[in-house]
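Chain nomenclature is as follows: A, B, C and D, assigned in order of appearance, with residue numbering initiated at 1 for each chain independently.
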């Protein structure tokens, strides 16, 4: 059992929750544009449930992430199921492995692929994948020996640009997909919230 | 505006408690789960009809639990699909030996969570089938009917599936009839104002005075298209034209009709509108059968309405006519 | 806002036509009169229960016409009592040989017009009795109960009077039981926003954000008093305290309960509120019997709700429990 | 049959309707303050019905007023019944009599008394009677030989002052009576609309 890595998951959840609460109203407004306005509330609910589930929990980072994912999923909605699966699958892939760049990248990729599978979504469908996949590509750029923190920080703009670029996409998955061209002109709320989840990890001083 | 609440994060929990306290003669809480189950025991061999979705649509979904209707309802947070875990727990509580039919509106979150629950149930040897309601013609073009979202058409599909299960049909048959009811149901709606989520102060969308939104969603999604507001008789024409242009092919003329209010549209307005809807239905050669003008699938306090038609052939008619009891809909 | 209409001066006429078109299986139009009558024939010897009032309160009044409930409803213009002439015509169409009971909310306009119609009927030899609903404790102090206006308590009085008439009680008895139901019913409500009459663009009153009105009327009248908005559980306490302070003396603890939405208050909010109402009822030693949480007497699209309690002694209980069918309320 | 007097009722109805349509919104607002906002609409509806009923009708002024009252009553509401009864009773009292000051005054008094009886209302209850009775008192002041037009014109301010003075009364009849002190500060809509009915007669050049 890896005491440092374990506390990373705890600290990340705390940072992510704080960041999400800060942006809850903004995410609600983004979701209201072509959806039902609850994305901020659902993300906050999911992170609260995950934090609560991990109170006093011990285990590897992988195990803790899996637990966090299961609790997050119980927040319901599309993002509960998808972000929950993202965390749980990444945790499963991570297992007892080290929190280094190649292992974490592979874990996140497994999570993203699971989201794509469950949601039957592809890049370009205006979903959280449009922030996640650019981020994964950017993470894969540096040499595998690079520090996770440095690589993560360097990759973050790719996620943020990916999220911003969803403004000019027409939604093909999720609630907004039913509105056709009306989904144009606003970034996808799920893509934006993913950038907050990713950014929160930096504040935990890996 | 949502004004009656305590802590908005407990809204779902408190509404389930209040619902069960009021309608304990019909439903009880599933222990440790966000859902309700009919109190009246069914024969174990009967198919369990499990419905569900986000809260904010009352009487959908919990208001439809009772004899002759749904066996149980899973209740998500406001406008959020219930999680797979909750669906699983409620399904386990409702299931007998006859298998389970999941019936819900076709939304990404619901599909994801019900599908995950279905896989888990199947893995445990419980037979589950799924019928998604896809009545809203505004949400995808002809040829892509199965991509459409579910709105007030829920009412017909639940009624027919519930009646089929109650008369003892097997899972195969209940699923087939529910699917048929869905395939023969079309809805289209207009919105005049958005709704406000508990704890929020602004509505999800605003309709400018003199405007209306065509092709509403029942989650405060704006319409597919904006338009100028028209007198009621023109709106009746618009609703009917759109539905008839999207009607299922070659069916007998008898149709169940639901003119559904979304929340803050007045009943009196619905009747004024229905006057011309009825006239136009008859003029189009259709035979309106036992129309319902009421709030059957709402969207919090959204203003607007939708018109649903369900073509009732000889197989569906007795199921639509069958008796049922629930908090929201009783027939005998 | 009232948005669905054609010519506002034809609003009543069109809504009656729409209502009859939709619910022709239950009601038909009284020829040349603003009212509806149950289609199902009653024995001629039965008392005819004639209810009525202004429009804008659906399901009051036409939604309560049917077997086991009212025989006929007279429908005025929005928030205007029907005229004596219309009441007379509808009564003539509904009356058999058992006499007629008029039942309506105690408002100046209704009293004037129903009384004139009653005199005219009596002069023609038709026996008519009247019971006015006076459940709203906010509208007159104790000791002046008969001056109070009628709000959602209509539901209990109509239900009990209708069941009494349906089982064949004579006019004397039906009137006595309706009066007893009224005497044992108390209501109190709160409003969060006013309603808008068809053709008008401003609501009848505006409630400032963070405020509420205590002691609402169901015609868009503002409350008796303004107050600051509170969380739901405090509002539950306020409703209950007020009702209990005004409870009829020395009655057994069993109470029928109606938590009534006025139009645009969400059903989910009513359930959140009901959770604490129920808890407080039980804590006060009362036994809530088959509560109803629904829109039973509305005020166009007004936001707010009222709580009604009807003390159901052993004489009233079987009448409350008796089966009935109508557009708005079916029990079996 | 009195052809001149007959046309007075027709012309009065036309003037009254025009005046009421002009003030419909104002009367609605006054009624909304402590009532249900429909008083303007009801008065207009009543006058429209009365005009329609009298189209092509012939008879004495008394007979025509009776017919007008019956049609007005069918507008419903409190004011339908009361103003309808006012007109019908005045018409009955007027009968085939002349339209001179004593006869018309007696007819109007009979109508007002009928309103008080039906509505169980007294002066001071904040109703239309608080405009009608001051008007009747003022009509009784001049010698009986005075021209009706002159007397009517001279009495009108008494009705208007009576209506205005209802602002400081607490309603004891009608819808507003349920609101106690909340009815203070606005004149009674029925009292105000009565002044328009009275004023309309002047425009018909008796």
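Convention: contacts are C-beta pairs under 8 Å (C-beta built on N, C-alpha and C of every residue); 3 or more make two chains touch, one makes a residue touch a chain.
Keep in mind the model is a prediction, meaning the values are calculated, not measured.
Enquirer: Among the remaining chains, which ones contact both chain A and chain C?
Expert: A chain counts here if it touches both chain A and chain C, which gives B.
Enquirer: If you average the Cα atoms per chain, which one ends up farthest from chain C?
Expert: Of all the other chains, the one whose centre lies farthest from chain C is A.
Enquirer: Using CA atom averages as chain centres, what separation in Å is found between chain B and chain C?
Expert: Comparing mean C-alpha positions, chain C is 28 Å from chain B.
Enquirer: State, to the nearest whole Å, the distance from the C-alpha centre of chain B to the C-alpha centre of chain D.
Expert: The separation of the two C-alpha centroids amounts to 53 Å.
Enquirer: Would you kindly tell me how far, in whole Å, the mean C-alpha position of chain D lies from that of chain C?
Expert: Using C-alpha averages as centres, the distance is 32 Å.
Enquirer: So what's the Cα centroid distance for chain A and chain D, whole Å?
Expert: Inter-chain centre distance comes to 73 Å.
Enquirer: What are the residue numbers in chain C that touch two or more other chains?
Expert: 78 - these are the residues of chain C that touch more than one other chain.
Enquirer: Residues touching two or more other chains, restricted to chain D: which are they?
Expert: none
Enquirer: Chain contact graph: line, ring, star, complete or other?
Expert: Contact pattern: an open line, chains touching in sequence.
Enquirer: Going by the contact rule set out above, which residues of chain C touch chain D in the complex?
Expert: Against chain D, chain C makes touches at 9, 54, 76-86, 107-109, 112-113, 116, 136, 138-140, 148-149, 197, 199-200, 204-205, 217, 219-222, 224.
Enquirer: Which stretch or stretches of chain A touch chain B in the complex?
Expert: Within the complex, chain A touches chain B at residues 28, 32, 34-38, 41-42, 45, 70, 73-82, 84, 118-119, 173-175, 177-180, 182.
Enquirer: Going by the contact rule at the top, pick out the chain B residues touching chain C in the complex.
Expert: Spelled out, the residues of chain B in touch with chain C are 1-6, 11, 14-19, 21-23, 25, 55-56, 58-59, 63, 78, 192-193, 195, 198, 212, 229, 231-233, 235, 257, 259, 263-275, 277-279, 288, 290-293, 295, 298, 300-301, 303, 305, 323, 325, 330-332.
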